[in-house]
Structures are given as C-alpha cells and as structure tokens.
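Note that the chains take the letters A, B, C, D and E in the order they are written out, and that residue 1 is the start of every chain.
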Amino acid sequence: MVNRILYEKAKINGCNMAVLKTLLYLFVYPGILFLFVYSTFCEWVDRKVYARLQNRYGPLHTGRAGILQPIADFIKLLSKEDIVPEKADKGMFSALPVFGLTIVTLVAMYLPLWHYSVGTVSFNSFPGDLIVVAYLLTLPTLIFFLAGWHSSNLFSTLGGARVLTMLFGYEVPLLLAVLSPAILADSWRLAEIANFYQARPLLLLVNIIGFFVALICLQAKLERVPFDIPHAETEIVGGTFTEYSGKKLAFFRLMADIEMVVGSGLIATVFMAGFPGGLIWGLINFIIKTLIIIFLLSVMRAVTSRIRIDQMVNFSWRWLAPLAVLQLLIVIILKGILK
Amino acid sequence: MAEFQVPIGPQHPALKEPISLRMTLDGEVIKDADLKLGYNHRGIEKLAEERNYIQNLYLTERICGICSNSHAMCYCQGVEKLMELEPARRGLFIRTLVAELERIHSHLLWLGIAGHEAGFDTFFMYTWRDREVVMDLLEIISGNRVHYSINTFGGARRDIDDLQKQKILDGMEVLRNRTNYYLNIGVTEPTFIARLSGVGKLTKEQAVSLCAVGPTLRASGVPRDVRKDDPYAVYAELPFEVCTADSCDVLGRAVVRIKELIESYKMCEYLVKNLPVGEIKVKAPRRVKENEVISRYEAPRGENMHYIKSNGTDKPERLKVRAPTLANYAATIEMLKHGFVADIPLIFAAIDPCICCAERSVTLIDSKTGEEKRMFFSQLRKWSIEYYTKKPKLTGVTWPF
Amino acid sequence: MTDENIINKIKDTLQSKVIEITNPAPRRIFVKVNRENLLETVKFLKEQFSFTHLSTITGVDKGENFEVLYHFANEFSVVTIRILTPRAEPKIPSICEIIPGAILYERELPDMFGIIVENIPDSRTLLLPDGWPQGAYPLRKDWKYERPPEIIPGEE
Amino acid sequence: MKTKFAAFLPEIIRHLFKRPATVRYPFEKLQVPKDFRGTPVFDSAKCIGCMICVRDCPAEAIDIIRVEDVINPDAPDKPKKKFKMLLHNDRCIHCAQCVESCPTDTYIMNTDYEIAVFNRHRLKIEYK
Amino acid sequence: MFERLIRWSRLKSPWILHLNSGACNACDIEIVAALTPRFDLERFGVLLKATPRHADIIIATGPATRQMKDRLIRIYEQVPEPKFVVAVGSCALSGDVYRGAYNILGGIDQVIPVDAYIPGCPVRPDTVINGVYTLLKSLEKK
C-alpha cells in the first residue's frame, strides 16, 4: 500500500517523486528486495517439492519447515572466504556474477507486474518489450559461459562449451513458442498480450503446445535435469561454477533463482494471461501462476534423467523446433479464421 | 581438431573412491583413456603375511565395503580347505543366505548409482530407499549394516531364529514387488534408456579376450558364473539360472543385474525355508599344514579369486586376492574409447567399480596410450572457438519416443 | 570334460615338458613347467580347451626362487601353470601376445617382486606411489616395513 | 523395449501425498537389533590374562595390562592376578572377535554407536 | 547481531565434500545412504557438493595413503575458510585394520587437521548425522 500511496503522491508532486518512484521500483517492488525474497522462496518450493517427490522431507529445520534454507545458504556463502584462482582472469571472474545479477533483475522490471490496464502502464513498458525480454534472457547463458571460460579450469571450460552448445538447441524453439501467443494477440508488448488473453481466456487453450515447448526450453535455460549438462556433477564436477566460491557463488545462485522466477513470470505472462487485478491481486496472481510453473519444472526435474549433449541438441531440433513451428502455424491459421 | 586431456579424479564426484582417469578428448568424444590407480593402494597382501588366520578374516572383509562378505567368504572357504575342515551345514546355509542378501544390496546400490550417474536422482533415491530393507535384514542377522562378519572357520558366527526368518521372507516379498516395478516400468523411461542403451559397447569376443567377469561379461552374452560352473557352499542344490543379456551395453548390464536380483530373492526364500537343523559351526584348529589352495567365489561384481599358501604356522605364507573390478579394467578402457564425456561415469560405473578391492596391491596404466599430448590454455581456447563454429556431433543415437 | 581328460591330454601333448601335474581337489589342476615352455603351454591350453580367461597371476617368494602361478579358468576347471624363476636372475616371458588381458597382472610382478617381464607391451612403473624408493619390493620376504610412530594430535 | 515418456510420473505423484520414508533420527533414537555389535565392554573380574583377545584382535585395539594383584581371601598366599584393559575405540572395528575368542566370557558387546568426539584421546577407554 | 546471523547461517547450511583416500567403500556408501530418503541429511540443510570450492565440511574416510597425501593437502587448501574436517570411520581415525601396512600413513589427522572424529566400522548413517549434528551444536556454543 505504501507504494500505492507513493504512486498517487508522485502523480501530484511531479518529477521529484518520479525519481523516488523509480527507486522504489528498482529496489523494493518488483525490484531487488522483492525478487530476493521471492526467488529464495521459489528455491525452497523447488527443493521441497523435489524432495517430497523423492519420498524425503527436504530442508526442515531452518525456519518453519526449512523455509529460510536458501537465505541461510546465501548468507553463509556471503560470509565465506572468497578465492580467486591464480590462473583466472581476475577482472572478469569477479565482475561476471554482478553482471549476471544485474541483467536478470533488469529483466524482472519488464514483467507486467504493475499494469492495471493498458491505459496506465508503468515507466518501463513499451511496444516490443517481449523481444527485449527474450534477448536479455539470453545474456545469463552467456554469463555462465564466460564464467566458465574465465575460470580457466578444464571442467569449467568444458561446462562453458556445453552451455553455448545447448544455447543453439533451445533458444530458437523458445523464441518461436513465445512469439505465437504474441502473434495471436497482435502485439509485441507484454502488457497488451496479457490483456488480450484476459479478455478472451478461451484462446489460451490454443497455445497449449507452445506452453509445453516453452516450459521444456525454460528447463533447459535454467540448466536443470534433464538439461543440467553444463554442470553435471558426476561428469564435470561443478561445471561452470567449479572455481567459484563465497560471495561470487552466492550471487550466481541468486541469479539462477531470479532467472527461474523471471522465466516462469515470462511464461505466465504470455501463456497464462498475465497478472490482472492491480497491485495486491496482481501480486497474488503472479505468485500463484509462477508457483504452478515452478511445480511443473520440479516434477520434470524429478521424472527424468540427464541426457547427453548430442541428444539434447538432437531433441531440440527434432521435436521442440517443429512443435514450436506447428504452434506458430496453428496460430496463423486461427488468426485468419478469426478475421 | 586438436585433442586435449581431461583428468578425472583422484577426487571426483562420480567416483566415490580415488582413482585417476586421464581422458584424451576430441570435443566431447573420448579418443583415449588412461587409468592411474594407486591412490587406494594400502598393501593388504603384505599385511596379510604378518597377521594370523583369524585376523586375516577381518582384514579380507575390509578389502571392500560393498562386497565385504565375498572376500571374507572366499578366504574362509580357502582356509577351510587348507584345514581339511568340513563346515557345519546349517552354517553354510546361513553363509549363503548372507552372500545372496549382499548380492541384493550390491545390485540395488548399483542401480541407484547408475541412476545418479545418469542424473536421475529420483531413481537413485527410490532404489536406495528400498535397499534399506535389505540393510535392515543384514543388520538383524549379523549385527552390523555393512561388515557382517558372519563367516568363521567351520561355519557361521550367528544363528537365525524363526522371527528373523519371517522378517527375511517379508522383506523379500517387498523387494520383489519393487524390483518387478523397476524391471517393467523403470527401464521404460525414455531419457534413462537414451542414456544407457548403446553406451559402452563390449562385444562378446572382446569381453572374452579381455578377461571380463561378472555382469559385464554376462551382459555380453557369455553365461559364465562361478556359482554354476564351480559350485561352492550350497549353490549346487539351489535352484537358480544364470542371467545374460545380448545387448552388450550399459542397459544390458542393468537388465542382467535386475534379473539377478529376482533370482536372488528366489534363492533367499529357498534357503530360509530349507534351513537344516543342527550346529552352526565346528571347531577349527589355529595352525594350518603346509599346502596351497585356490578359492573362487562369484561376488556381485564377478569372479573373485583367492590363492592362499600356508606354511605350517598360524600365519599364511602368501595371500593373493584377485578382485573382480581389476579383471574388468581392461574391458573398461576398451568401452570408454569413442564414447562421450557424459558417458565416462556411466561406463565406469557399469562395471560396478570397487577400486578399493582392486587396489589392495595393483596399479595399472593402459598399454595403448602412447605418448601423452598436453595442450596449453591458449591452444585450448583456439580449439574451442573452432569447435563452436562447427555443428555439434551427432551420432546414430535416436530419441526413442 | 573332466579333470582326467584335461590331465591326460596335457600329458599326451606336452609329454616331457611337463615336470609335474597334480590334481589336489576337484576342478583344480596344477601343472609345473619350465620357464622356457610357458608360452607353449599357455597357447596349448588356449587352443585346446579354450582357457582364454586368465584369472590372475600370483608371485610367491620361495627364498631361492620366485614362483609364478598363472591361474586359468573356464567353465569346467581351474588350471594353474607353475613356473620357477631364480632370485638371482628373475626373468619371465610376457604372455600378453596370447592373452591380452594379462597385462594388468604382469604389471604387478615387477613392482611387487622385481621380476622382469620380457617383451611386456608397456613397461612403465605403475604400482606403488610416486617417489617409492628403487629396489624396494614390498612382497619379497626380506623386505620389512618400519612403522613410523603415530602422533595423536590434541592434548590428553 | 517400448518406452513411455515420463514413465515414473504416476509413481512420483503418488509419493507427493505419501509420508516421507525419513526417520526423525536425532530427535528420536533408532532401535538397533538386540545383538547389535557396538563397543566391547570388559569385566576385569573374569579376566585371566590369557591374551588371546590381544592376539586375535585384527585392529590392535585391545591392550591388557597387569595391575597389582589383589589378595584372594580364600587363599591368601596365592594373590589373584588382576588385569585392566585399555580399549582404543578409535581403532576398534566392532567385529566382536574378542567376545568369541575369550575363554571366560570377559567381554560383552553393548549397543552404543553414537560416540563422536572432538579429541581422539577421548576415545581411549580404560576398564578397571 | 550481524555475527549471530552469520553464525546461524553457517550452522544451518553446512555443505559437505566427501573425500575418500583409500577407504574400503563401506563408510562411503553409508555417507551416501545418509543422504537418501531414510536418513535425509538435507533436512539440516546439508548438501553434498562436488567441488571443494563450494564445501564447508570435508568428510574424510579411509586411512591416508601415501599416494593420496599431497592431494589431501591440496583439496584441504582449496576449501574456503571457515572449514572443518570430520574423520569418518575407524580407518580415518587411526588406520584401523590397515595399521602397519607399508602404503598408509595412519589416520587422516596425520596429514590434515581434524575437528571431529566419528568412530565406527563402518559408520552407520545415523552416526554420521549424529556426528555432524554434534559438531554443529558445539559450534553454536562457541
């Protein structure tokens, strides 16, 4: 509510308050503070669901039912000794975690969390922001690759190589799958897409194939089983993060968590009609919808085994890309009929 | 495309034991493999010459933690032959029962590890949860979860009562259901199959010429099993079949092990139901006449062989232990070649390596490695850039939908 | 195929090359040959009875001599070929050409006993840790190991 | 062999609604079987000092030390030999061979297994 | 306040690295068994990590073999501070049945400093939990 009041005040007071508003956006909601709390919560949900599917409890004694576990991990890593390997490129090695964190937080800004309607949009929404989000979401992958590369450890390098190889596989299907609802909605603006489907919820069923393609691609982007090839611990130890420790590792873990939130937020916006209902209801909508997606991701993680890198690329091009194209065709045909 | 080397081990998460594998890679494809052991070498054979027969019983048991009964029982049978001792029949039944229970625990463990290496942690968790059933049975029989110490010269150390019998039968029933589930449903999971099938090919001829043993050999279609070929303990009167598979890959090895599990349940039930009455052990002498003996045993991983030479004192003159893992190394190197990096742990796990067994006195390096080729980082970078410009290699493996 | 079959056939074919042949237990046959006749015997066993599975090679320190035992196994029995090699000149031929899987076990002999295996495909030192002293062969009877004192950290 | 996508799904979903198989271990002690092999316990009254246990112990964990003799009230001229035992629990492998070897039943195994310490000297147990 | 927060986080999130140097495998499988559903060490926030850089507690099994000595020290140095070493199993404590073998140096504490000792041959999974739990409890008091 504080935000809401500030928002109203800002309208009256003009540009001074606009700065404050922007700061609030950046640091409180939907910025860093909210993302930090919510992403750690999501990690807890993910770990807990994964453990329960395996007939275990998962984190239990840190806070209530282990809910503070990711935060404890984060703080502990912050307080640990920070080692930069001698051979590593020191500047890049230290800068990359911060870059990564910045990028994913930036992407979160573009999610239409704050949009009441198309009329009153927030400061950062503009036509074509879907493309920007899709583009920015590619960057964390690049960061992972560079992180592996600049560790100059064999396993990290191998992990980095695998990150890029995988990128070729899932990026195109993901983009195609995300674009098809946009084409149906006739807009490249996330808020407008969400609005379009809020008005016509039945049309969401058309995109069901695309939804699943996007879900699988998101799993690959987040590098989780069955696509955790870049840091498959039984093969290449810690993969890209082998040499990272302390604060930098903490940032990377936080980054991966936020990426998960942002990715599921993107899918929820595009395929599940966004988050209508203003500040409070929008937030509740956001939480419910992203949690559904995170639950699906956890189940996927539990039922599959890791596949090989060649199988992964093979799979993307043989199944995911054609399915995404099929989805696109369906959408185009349907659009013709609707007109 | 240039080659570069990846060292795996001695401390590596896929290998719970220290071993050093040096892989020469071409992209993601393994060109050559080189093994360096010795990290786990403790010198047990020398130690055995300084200890008396009873102490050696526990020493051999601790050659390996997973197949602990195998080594102890193999040694025990050998010494009994040296002592010219006829062990008590009830004791033999109990021994065999523990041996089969150990096979069950080892194979379940292997299934879980295979799942873990393939990144399928759920499968790993389930099999290990089921494994706890058999661990509990072993604990109530012997008083320890892993090192059972059930063998002694002349029979078994502990008896089984009716309550324990009932518990064993119940446990077998639970495990049989679970194993059937894994056989029918578990191995139809496509991502799992995709990881296992076609990996680590070892043809029948290769398997025979490289002296492979155990499930590795049987998965290549060679029905060789010491329990059938050279029956010891009470195996001669037990109903069981030797399980084989013809696929010659990791999937075949998994199937062989699951089938063996079902055979083992059958054997355990038979042993419990037909347990003879009588003493569990006979008294054994401390000193042993001068003689020599070869004792063979089918451990969960394959043939286990002990050569014991006595010299008339209470200490052996020479104890030679050949663990199954060692026999499978030569085959492993052959299997690793032309595989993918991702397959290293799987192939290596497929022989169910027990490095501690193999290394009680031996180190080995592949003969075919030739000179080592090392790359500097700059070269590696160049190589990698080249690698990205090309399309990733695709082999004949298809996505089995 | 029984033990007698194997024994008779070995006796018939190799005749005087066999020094001693014993059958102490069912399925266990010990054949003693000269060092020079080892390769021939191994080849004969492999071709005649398909003894392709070499279980292991054992070395034993017998004071004056080293005894080397080659344990072969097939479905029917275990045949052990026993050869002696003098301590002063411990040399044996490699059987890797006939049985490729023997390489592992032949590695063990030079390190543990100092027995020289001739024509071995790979003669790198392989056993024992890096920096092990030259000329120390652990399984020789005259080699003794002095245990270093154990220091338990922490106060009593 | 026919493959099914996500063949494990029904089983896994079933487990979501099942109680986990986890024991509440550090808060509730686990039951061990009655003849569990824990730590050996020595009864000095029964020991005759034959040293068979020392000879048979595979891990050099037992030291039997002779302490000053006690006067035997029945035969004052023949003092009864008295022994104490030093158990190195950091070496003990809990095999219970000492129980088996001992001719006078001096040893029994208890069921203690939670014996973690911070100082190795604490693991040396003296039975008088 | 800040110090307390850090201590709390350290206690609640001990990540372990499993290190085997010549053990007989029994302790190793029992440690892995401690992570599986029946004992589930993750309840206490314990995760088994693959690389020494991520770990807080080294769980060492097996007697220190001669060949492994340098690697043990190297891995110990790679773990960022604060770090703890827990020796698990009788052989990691003293060398156990291998005492006097030519290729071992004795327990792990002959090579790297050890903070807690968990005896047992092999160690039961619940003893591992107990040992880690007592180590954490004792750190809480400090």
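As a working rule, contacts are C-beta pairs under 8 Å (C-beta built on N, C-alpha and C of every residue); 3 or more make two chains touch, one makes a residue touch a chain.
Note that the structure is a prediction, hence the values are computed from the model and not measured.
With contact taken as defined at the outset, chain B and chain D are each touched by A, C, E.
Averaging Cα atoms per chain gives one point for each, and the point farthest from that of chain C is the centre of A.
One finds 43 Å separating the Cα centroids of chain A and chain B. If you average the Cα atoms of chain A and of chain E, the two centres end up 35 Å apart. For the pair chain C and chain E, the distance between mean C-alpha positions equals 40 Å.
One inter-chain figure worth recording: chain A and chain C are separated by 62 Å, centre to centre, where each centre is the mean of the chain's CA atoms.
Of all residues in chain A, those that touch two or more other chains are 51, 53-57, 233-234, 237, 302-304.
Each of residues 128-129, 138, 145, 152-153 in chain C touches at least two other chains. Multi-chain contact residues of chain E (touching two or more other chains) are listed as 36-38, 40, 43, 50-51, 65, 67, 94-97, 99-103, 107, 109, 114, 121, 124. Inter-chain contacts, as defined above, occur between A-B, A-D, A-E, B-C, B-D, B-E, C-D, C-E, D-E. Chain D contributes residues 1-8, 11-12, 21, 32-33, 35-37, 55-59, 93-97, 100-101, 109 to its touches with chain B in the complex.
Of all residues in chain E, those touching chain C in their complex are 65-67, 94-95, 99-103, 105-107, 109-110, 113-114. By the touch criterion stated above, chain B contacts chain C in their complex at residues 36, 38, 41, 43, 45-46, 81, 208-211, 213, 224, 229-230, 291, 293-294, 296, 303, 305, 307, 309, 317-318, 320, 322, 326-327, 329-330, 361-367, 369. Considering their complex, residues 4, 6-7, 12-14, 28, 115-123, 125-126, 129, 189, 191-192, 194-195, 340-345, 377, 380, 384, 387-388, 392-395, 397-399, 401 of chain B touch chain A.
Put simply, chain A touches chain B in their complex at residues 53-56, 87, 152, 154-155, 157-158, 161, 164-165, 168, 225-226, 228-229, 232-237, 302-311, 313-315, 318-319.
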